[in-house]
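I am attaching a structure below and will ask some questions about it afterwards.
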């Protein structure tokens, strides 16, 4: 059955040259998507465009604007929303969850270690250069252990899928991963537009995320805090591209959204300026970079930070989430060693695979990479957002040659990976429904306990064949479903 | 509540009220300039601009007061921080920052005004007549006011919003009144002339108080009646006493909610008591201009005291 | 040697400030060769934060001053008994590995001049190389108060061929890092003897890391290694990071004047 007047047939969804999450590799409908097939087939074309317009209007109305960490771009831009959900079975998710939590534990253990005794370096399991000469290594927090030994309280792990049972981690985000507002709002909008879908499918809720986040943040209050911890979110301000997300989370958690100027240090503590006078702050979920946190400790020209904050932090008067210095665990060069961290600290085998990575700083790796440049993906070590990146198979000859020159000039600044056949999920496109490549960013919360809300941000590359899911480069988002048992 | 949130709410109100005043000023100015005067068209506008502290900026940008330039300056010009466009934009931006402290209706009122403003800015200027512009501003100001009154929780934020409204309105009334009495009519013999009456009436009209005035006083329009109406009559929605009374009321509610007073309550109480014990005769004895100047100064000091007590976040 | 320190830093504000926050590294390091007999830091109108020892072993103490104030005086008074350790730093508990001190900062960024200077010396042994580098820096930058200012970079000072202890220390740090030797900036006090051999009482020098020995101090400004005349306070990547006082005052904007008086004396008193 092809595209019909009433709806879209399944074989227009199928795809032969890769793993499609709805139709697998052979074109047989996979169980988690069973009911969605009926849904999409029964949806008249007119209804679909009506719903699409409705979704957009809803997004525009709530004013959600969005930028994934470091992507930049127009702050008022709306990211496209695709109504076709991405679905995981309970069993698939259980496996992912174990792997994600394992990784989040290992990353935090690594951070405690490298700011403490540095056992993993002493044991020769990771080159000391990658840790201590790393821009993100923050010597100002060396020797300081944050409450509960947690540095990264919200770990966003970017995952891609290449087969029914194959998941790879593309990147870890240990600082302040953004995008969770999209997970929450996509779900809200889907439930509003398609309540029937939620009656027919048993879908795990994600809306308790804010409550779990609040609990996680409160659980890492400093020892000096007696009573109910006062948690705040620190934003760089309303011109920031993720301001919407900051205010949404503050609203959902029922905590104050503050700017640097709203906080001040006095004696041993940090206070918020309120209409009833200074109010002590115990936990700061900060959405600003380390360098801007405190002009007395880091960049003296920072206008968005709080002078004296780091002294209070290091003397146990306030908690900062994520802890300053957490970024040393998530750059692309350290990434290669995360499986090693899992083995070293947890004594377990990693449940989630890394993508094979060549460190161009190593002579033999560089030689290999230069040899196979047109087949590989090359990324800058500190880059993000899909910029400064070569996708070999999709690149022109000139582009490849340009990267060859860049690599030769400064090999240490690049890593290379094989081009993965990312899984696809059916997506509404101009002509109907077609497979598009996706990734996944779940948000793992680490405090006294380690928790994962069943869902995440699914980004989709809307251009046919494109592997770049970044919103700045034609990416959109989908609602991510985890089915109940 | 976070001091900055309270301050943002307060400024939403001040900016919207200021936008409303800018529109009214534009209306007064163009009406007055329609009739021949002893001082000439130019000086009428100069004095209006002077009273609102916008004269220097206008002169620097445009030079001579030409009607069209004045409209641009008071309505559209972003270089003028008190223009309608600047005020509405600032009010909406303050609203965006504290979005979660607003109801959907209040946000919609602010946002709609802003979106429509952007449309107006795109329209050809020759197609926009002045009364349409001023009506538009007053309508949106009223819609916001209505949304606030109808939907907002009566918490401290609501009180800070209202303090902003009353403070700005009191200041604006004093300034508009001052323009009329002091600048437009520097020579005492003009007072009471037909021309004078026309201008007073125009002023009342701009304040939307034309009919209310006649209802309340009747008979001939005199300077004393107008001064009483705009300064001392608690029934007049724009009188100084109404504004100070509103401020004192909302400050008292805040003190009650927080369980303590600050120096600002006493200051507002003193101002109100002063107004309640005042008579028009004594105001004229002091000199209307002197009286209004003193009031504007006291209102500014009150605003500063509100800032110290609640927005600095340092009051112990 | 018994050293007495009397150090008063006074900030005067043209317009009274609403509040001020400071972070101090004003306490002698806990290391061999210096023993604190008594030591007191006071800030006029100040509230102390909770002090702590950071990863580099420095004692850091925050202070806040509630305004409005137009003058803040930071007074340091104390006595320290010192002993010459030939510049070698021992006994300081720190958790930052030396390798972390290979990082460049704007003040210590290499340029061609610094690189040439760094590569102009050679030595078989690391310690010897450090001495050579310190000598080269001392030779390339003449002591000249007033030639440079607080934000002069190592490269600029070298180009001027003049500077003060801060410039010497920055230049030495830059040259050492160019040779892949971890290096850091140290601030402290120096006893100026009767002959006036030493030039600055509130002083700065550099420490370079030598495997086997650990951190070793070098003072190119005085062509020596720190000895019993020196009191070590704290360290950092550069002068800004190691500053004994980092502070910020909150509005209104106005002129700010700084007055520093330091006396380091010796003997029983």
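Miscellaneous remarks
Should a chain be cited, it is by its letter among A, B and C, assigned in written order, with residues numbered from 1 in that chain.
Definition applied: a residue touches a chain if its C-beta (ideal position, glycine included) is under 8 Å from a C-beta of that chain, and two chains touch if they have at least 3 such contacts.
Since the model is a prediction, treat every value here as computed from it, not as a measurement.
Ranked by C-beta contact pairs, the top interface belongs to chains A-C. Placing every chain at the mean of its C-alpha atoms, the farthest one from chain A is found to be B.
The distance from the centre of chain A to the centre of chain C, with each centre set as the mean of the Cα atoms, comes to 42 Å. In whole angstrom, the spacing between the mean C-alpha positions of chain A and chain B is 49. With centres set at the average Cα position, the gap from chain B to chain C is 57 Å. Within chain A, residues 264 each touch two or more of the remaining chains.
Shared interface positions of chain C, defined as residues touching 2 or more other chains, are 19, 66. Multi-chain contact residues of chain B, defined as those touching 2 or more other chains: 314. By the touch rule above, chain B contacts chain A in their complex via residues 1-6, 93, 96-97, 99-100, 156, 160, 254, 258, 310-316. For chain C in complex with chain A, the residues that touch the partner chain are 19, 21-23, 47-56, 60-62, 64, 66, 94-97, 99-100, 102-103, 240, 246-248, 250. Residues 63, 238, 247, 250-251, 256-259, 261-262, 264, 271-278 of chain A are the ones touching chain B in the complex. On the side of chain A, the complex with chain C involves touching residues 115-118, 121, 128-129, 132-133, 135, 137, 139-144, 264-268, 295-297, 300, 307-308, 310-312, 314-317.
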